[in-house]
Amino acid sequence: MFVVLAIVTGALFTCGFYLLMQRSLTKLILGLLLLSHAANLAVFLSAGLTRSPAPLVELGESAPPADAADPLPQALVLTAIVIGFAVVSFAAVLVRRMGEALSSDDLDLMRRSDT
Amino acid sequence: MILFLTNLLLALAWMAMVGTPGWAHFVIGFVVSYLVLFWLSSLTGRTGYFRKLPATIGFALFIVWELILANLRVAYDVITPAANRSPAVVAVPLDVETDAEITLLANLITLTPGTLSLDVSEDRKTLYVHAMFAEDTEEFCREIKEGFERRVMELLR
Amino acid sequence: MTLSDFPWALTAAHTLLAVLGAAMVCSAVRLLRGPSLPDRVVALDLLVIAAVAVAAILAWVYRQPALIDLAVLLALTAFISTVALAWYMERSRP
Amino acid sequence: MLLPILPIVIPMFAAAAAMLAWRSVAWQRGVAVAGMGGLLASALALLFTVDREGFVLVQVGSWPAPFGITLVADRFSAIMVTLAAVMGFLVCLFSLHEANRRDVHRGFFALLLVLLSGVSGAFLTGDLFNLYVWFEVLLISSFVLLSLGGGRLQLEGAMKYVALNLVGSMLFLTGTGVLYGVAHTLNMADLHGAMQEVQRQNPTLALALAAVFATAFSLKAAVFPLFFWLPASYHVPSSGVCAVFAAMLTKVGVYALVRTFTVVFPEAAAGPVMTAVLIAAAVTMVSGVLGAVTQYEMKRILAWHSVSQVGYIVAGVGLLASPNEDVRTLGLAATIVFLVHHGTIKPALFLVAGLINRREGTTELKPIGGLAGAAPWLAALFLLSALSLAGLPPSSGFWAKFAVLKALVVAQEWWVLAAALAAGLLTLMSMMKIWNEAFWKNRPEKAEDYAASEARPIPKSFAAPLVVLVILVTLIGLWPQPLLGYADRAAEQLLDPDAYVEAVGVPRDTFTTGATMEAPLAKEGVE
Amino acid sequence: MFWTVLGIFVLAAVSPWVTRRLGDRAGWLLALGPAAVFVFWVTQWPSVDAEGLTQTLPWAESLGVELALRGDGLAGAMSMLISGIGALIVVYASGYLHGDPRLGKFYAYLFVFMGAMLGMVISDNLVALFIFWEMTSVSSYLLIGFNHHKPDYRDAALKALLVTGGGGLALLAGIIMLGGIGTSLGLSLREALTVSSLIEHADAIQGHAWFAPMLILVLLGCFTKSAQFPFHFWLPSAMAGPTPVSAYLHSATMVKAGVFLLGRLHPVVGQSTLFAVTVTTVGAITMLVGAVMAVGQRDMKGILAYTTISVLGTLVMLLGLGTDQAIEAAVAFLFAHGLYKAALFMAAGNVDHATGTRDVTKLGGLRKLMPWTAAAALVASLSKAGAPPMFGYLGKKLLLEAKVNAETLNVLLTATAVVANICMVAVALLLVLRPFWGELKQTPHKAHELPLSMNLGPMLLAGLGLFVGLIPGVFDATLGEAMASSIYGEPLEMKLKLLFGLSIESLIVVGLSFGALGLGYVLYRVLRPGFSVPEPIRALGRFGPDRGYRLFMEGLMGGAAWHTRKLQSGYLRRYVLIVVGAFALAAGPLAWAALRSGNEAIGFGSWQTHELILALLVVAGAVYGVAARSRLAAIASIGGSGIGLAVLFAVSGAVDLAITQLMVETLLVVILALVMLRLPAMTAKSSLPRRGRDLLIAAAGGATVTLLVLASATVELPTVVSDYYQAQAVPKAYGRNVVNVILVDFRALDTLGEIVVVAVAGVGVASLVWLGHGRRSRLIDKDRPEKQGGAA
Amino acid sequence: MNALVLQTTSRLLVLLLVVFSVLVLIRGHNEPGGGFIGGLLCALAFATHALSFGIRGTRRLIRVDPHRLLGIGLLLAAGSGAVSIVLGQPFMTGQWWAEVPGVGKAGTVLIFDIGVYLVVLGAAMMILVGLMGEGD
Amino acid sequence: MEMVWLISALALAGLGTLLILLAAVGVLRMPDVYMRMQVASKASTLGAALVLVGAAVGLGDSPAAVRAAVAIVFLCITTPVGAHLLGRSAARKGVPFSEETRRDPAEFDQPAEAE
């Protein structure tokens, strides 16, 4: 499963990167979203994939079950998810503004800040 | 409805405060809050709820039964080729009036397999229903009005 | 009593998971094929319902009631997405 | 125990206060000045303490390293925090004039404070994932600041900025995840030991990880060929914001590069990667300045120069590739000097642009002119700053460039040296273009429609932050030894990762597979 | 000694103020500053002559830089030249810029220059020397462009700055290399950058591997500064500056900085063949080119500029020869030139000032109207022509002697010198006879005699030239000898003689001198009637280095524009392509290699059907999101992919994570739906091949990540940190959800940063779309032209 | 969206979800949940409300300015960390006070989580208000 | 006894799973969006509810049961509303009915567009 999910990660990155390389504002924002997913999965996966219960301590116990999943990567990914959410939603609103200003979805029209 | 919800919420809150979710706590919470709401009914100003709790239970059982029955019919239809379907959009005239009544009725219709409430007219007098097995629309209308609508009115009035 | 005490039961549970997977695939096909937006939303809805069932069975398999919370939230998710997409459909120019 | 957290928390509190009272412009201004003042004071206190004691640490939450997040202030981070604080404070004062009511209502000061908080966090944290978080804090606040103007140009710039920087962030995050998957720790001091072990077990993996981080941080630092976001966006916000960006954004990337490649990655893995970085740095110097000479708008010119200057800064980092300890020290010291120089001079130039904009209504060079006669003080301030940027003596720029060139000569990196020299000349040319167009050329008879037809006077208090900045830069130029000496000490400290590890107090000595963390560590913890 | 420099800088700072208070009279007061410096050096001369003054002040020790000052013969003599002529120029400028409100600024620039020049000549530390050197370039830039309203003048200033600045950079590199050589010889960094200590290791330095490149770099600095061929072209353009500037910077002092540095370093590098060959050759060519080009000019200042180039070439050539005689000649010639050229420039300035033109063909007969100027010009011109009994004659005689006595190529060198001298004579005559003699011509202004301030300088300097020529003893035994000794590195005895001995050499020399005078007169007569510039000379002007500079600048601009257009194209997609490509290139192969070299082979691990299906779902959703034509379909399918991901997390024991992912996904679907509502339809598409390329690069990036993730499994270190969290969550942090305990306690700082991110996103959205006052305001001003600098 | 059925349902749902979100927040230290999840849940509840009744109605319902929510949340979160500074311990050292029934041990960490909740809620509301504000 | 619980749990979950599969097949096979909605919205609700009950029975402890109950209530509230909403939007947007569908009230062909 590890290898499968590693390939899934790569596929998500590929899709994200590809979307960013297109001309459409919409695709841009979807690409950012996918990239964020992809990176989260990469972090989650690298830390080691287990098919195990969540790191929750039963009432009365002092530690989670011995085979519980590693909690740290979960915390990291959770943080990353929320950060990704924040950034992507702001980017989404920006994209909307951009689309309104341009009256177009075409990123190729957005060259004024560079040239 | 609101009161029932309040009751339910209070029960949940009870359970949460106890700290461990469990049947016992929930039941205790529910009973306690039921009593409290009954005692303080002047605060809320409606008493029907307490009479209707038994009716509600009966209503729920009726729904479950309808659900199971009709599910089987849909299942059958999914498996077999499109032979005995006769889909239609039916306009059902409404006697129910309040938001809660209309909503409950619409949801019931939707929840029942074979029928799907599509829209409520602007004047709230007509409910449009999509039905999968309505050979006779008149008959269909009547079934709805005498089945669901009657029970809804019984429950909420 | 745990599922893992009964290998056949565990296998059965995994079979159920696989069947749910198949249901997900069916929904996914509809999700991809459309053709109309409501079609896709219906499919997405069903996908999530299947996920609810997966979560429920996993809760059983892993003995982790917390996963049922996930099921609740999944249902909520499906609802809110539906509302949002319906909202979109009504607002968007035809 | 307190000092390293203050530069993070003080602006954060101030930002929260500003958000609470977001309807009151006066309150937000007051809170911002107070917050920046507090930041400056704490940063200076930190600087002096660190220079005296070497390291100042906080184990956040009292959790011991490597379990909790450790804030580590060494000389390098302290000077960077101080630089950020000085710029934040001055730009805040500048923005009291520049940011209008609309901007303030939209959260300008809160964003500025958050940006500074994030920058301080990035400089002070000793934890790799925490570094990512602070990167994101400053990314999103800069992102919002960029788009604050709301014009099409701002939106475009912000769009490109965020898309590319987010790609960088994702690479950073992925790298961090993979690194955690390998080392199972995030504390940089702990990672130092862990990576040595990784280097032993699978040296190529260490190298690959180093390459990922180098790519991610090079993007943040705007190194060729990853700098596109910078020229696309640096010029679009108001000048005060430009100034903060110029002072901080790329610097954080460079900082991260230096930090990880001195502490985390073992020399054997860092060396080859840094060689590539050095080459990229050389190209960056030239490429940036070539971009600058094509522009005819002051802020765009300055933005391109930022790219070029990053080349100089990163060249010093690239010298970490050298096996020669002296070269590495020289390189890092040069980097630090250059960071401070560029972090002061570029904001100064952007503030000049802001004053020109205030006076003329534009920073386009074609429709303006005659400022040498009309605004002699502004001319003097610009000239001093511009010559410093071009590295002409006696200015901070000269010492910075001299330090870099010296390091390159000692390292015998002749091609990079040639690039540095060529870029220096072109920088001079480009600065003199601004001088020629804005200051020496007569003001065109028929001002184009977007230039203000009437020049507006510049209030003294508006220019005050710039004056302070230029005085600061000039003082560094005339009396560079305190900075140079500090940079030497900081570079030596950076090149002694063992001291860092010891200071953080990571108490394990084995990383071999199968070894578990025995008592006292796992069982005891706090107290 | 340092106060001489510092004092002049202080003078620069106060001069605008003084000038504002005193007006034109300020010149006389301010001139007291350089005069005081001059007097200082005169009074200090005995000790300078003996062992030299030294003074050391700390500066930037870390970089081996200190203000090591050494007032030896060279420094002292140069200082006297700078301060002496400087004082006269200050006075002159007050007349020349009479009534100009910018006079104060002019003085400020001038004094910065003067201070830098004085600092440079007394610096023993090479970096300090360089710092002053560059300051002269900058102040020269400001002075050349003083009349900056004219585009040509601005260009001229920039040209001068770029050429000398570029040379300066080379010089800096050379200096650093010299420092490197020094440290490799065991010197401390400070010593390695100090000339006086380098002198002791001259042989070792010349044997060092870096010597040749170092020397070339240093020479580049000297040649550009002293306008040597092919870098001479900036100097004629620099005549755009006001005449006092031309007189002071571009003939008497600054352009001699290169010569000075050659002299300063002569003891260190002068013995090498490379030095001798390069310097002699370049000097000779410059001498010839300058002289020939001077013939073609009509502008008095242009003529003077080219003759200056020629003289500078001569001086450089002499230093290249490096014999005691040559160095003595150089010293004498340097001073002679300083005196007469400054005088001539001021005279030309007077003519310009009085008549409004400097074109010699338009001038004539001014002798009657401007007798003082004419007299000064005549005397100075004679010195320039090398006619006895002028100082110039002494210089020329010594020069010819040196060439005749040169070890190699003496005939060629001598011939060149003679040709150059012929030209010099011709233009000297042109300069004085044309404007001042003959018939009075119509000029833009009616000529008139000028005030004392403007005549004092030329008169005094011209007179001094005559005085030294008559009594060479005032120069040779004092300034000349000390200076020559400093350059030569060993004590020399210098004796200038107006009369000649009876040796063969001196006869030849005298013969050549007088021959050149005669032929020069002939040339003057030949040129006189039509005054058409000979074609070859014009061609030299057209195809010369000036044109090269122009072409280079054009090429540079074109190249830069091309580079920027290609690189910073404005297409975000291209940027992403490059970034992803760079990432794949940098990390991909390494990740692959790391995976291959890992000790443990990675198996597939176990998998279950539902997991596989989930994985498939995640990918399918993403892929469909890429391919979908409808935006909502894309959002829905990517949302589906996200939900699949959430379930995958749940399957792997991450409930909190799954829930968070789920809710974030839902909220994002809502947000995206809201966003899409206002977004124009998705229409734009790249061409098919381009999309193929994009996919390829994107896949490379994706594959890199896959490989990295896989490679991460090849090394497994102990999970101590996680173990600690699991063990301590309940006892120490009182929480049973370890993930939450990490988030709010163990690593709460992450969370703090994270909520800041979230808060800022909220503020950002509000700032973009919602102004919070219930009224809409125009966010996008479509019809307003782009205005830079957002807030105003 | 003026759909009667939806509006009626969402009235109920909002109440339910908000209570649930608080529950999730409070028990987050021991069960799945916490400030993030709670805040997101609450935001989703209001999102539903906004989609059914329009954002103006939702703003009236919430009454608190989202900016304020952000400010208060940040102050709570950062302030809970600063408590330990006042007590002379490193930033964010947990201070534990009392065992509260149904909650577990209460202390600065819970306050921190409440801060997280408020910030997430506030930001999500700002985004929603921002995006829907002009549609009405 | 345990065995009985286990088997009944499996039976419940199995039935639910089957219903969900049916719904999925129906969604795939039904000719128009309305009929797909019909199939999806109820078969799945009942199916998921059954699976939840099955899981609760299988887990056999009260927290699980409470949670399952909450989940079922939730599903029963949200699914019909969602389906209704979707049907409404589809009809209003004019998503076509299958040809066999009779439209009794003619006015429904021109759905009220005015809001």
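Order as written gives the chain letters A, B, C, D, E, F and G; numbering starts at 1 within each chain.
Please note the rule applied: a contact is a pair of C-beta atoms (placed from the backbone, for glycine too) under 8 Å apart; a residue touches a chain by one contact, two chains touch by 3 or more.
Please read all numbers here as calculations on a predicted model, not as lab measurements.
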| item | value |
| --- | --- |
| Which of D-F and E-F has more C-beta pairs touching across its chains | E-F |
| Distance-maximising chain from chain E - centres being C-alpha averages | B |
| Geometric centre: closest chain by C-alpha means | D |
| Chain E and chain G: spacing of chain centres that average the CA atoms, whole Å | 77 |
| Inter-chain centre distance, chain B versus chain E - centres from mean C-alpha coordinates, in Å | 86 |
| Chain C-chain F separation of Cα centroids, rounded to whole Å | 27 |
| Cα-centroid distance, chain B relative to chain F, in whole angstrom | 31 |
| Multi-chain contact residues (two or more partners), chain C | 20, 22, 24-25, 37, 41, 62-64, 66, 69-70, 73, 76, 79-80, 83-87, 90-91 |
| Per-residue overlap in chain D, given as positions that touch at least 2 other chains | 12, 15, 19, 22, 60-61, 129, 133, 136, 140, 143-144, 147, 150, 152-153, 155, 159-160, 163, 167, 174, 178, 181-182, 184, 228, 231-232, 235-236 |
| For chain A, residues that touch 2 or more chains besides their own | 16-17, 20, 28, 38, 40, 42, 44-46, 48, 52-54, 56-57, 59, 72, 76, 78-79, 82-83, 86-87, 89-90, 93-97, 101-102, 110-114 |
| Partner chain C, residues of chain A touching it in the complex | 52-54, 56 |
| Residue ranges of chain B touching chain F (in the complex, touch as defined) | 1, 5, 9, 12-13, 16-19, 99-100, 102-103, 106-107, 117, 120, 124 |
| Residues of chain A touching chain E in the complex | 1-30, 33-34, 37-38, 40-42, 44-46, 48-59, 61-64, 68-72, 74-79, 81-90, 92-97, 99-108, 110-115 |
| Chain E residues touching chain F - in the complex, by the definition given at the top | 655-656, 659-660, 663-664, 666-667, 670-671, 674-675, 677, 733-737, 740-741, 743-745, 748-749, 751-752, 755-756, 758-759, 761-763, 765-766, 768-770, 772, 776 |
| Complex interface listing, chain F residues touching chain C | 1, 6, 10, 13, 17, 31-33, 41, 44, 47-48, 51-52, 135 |
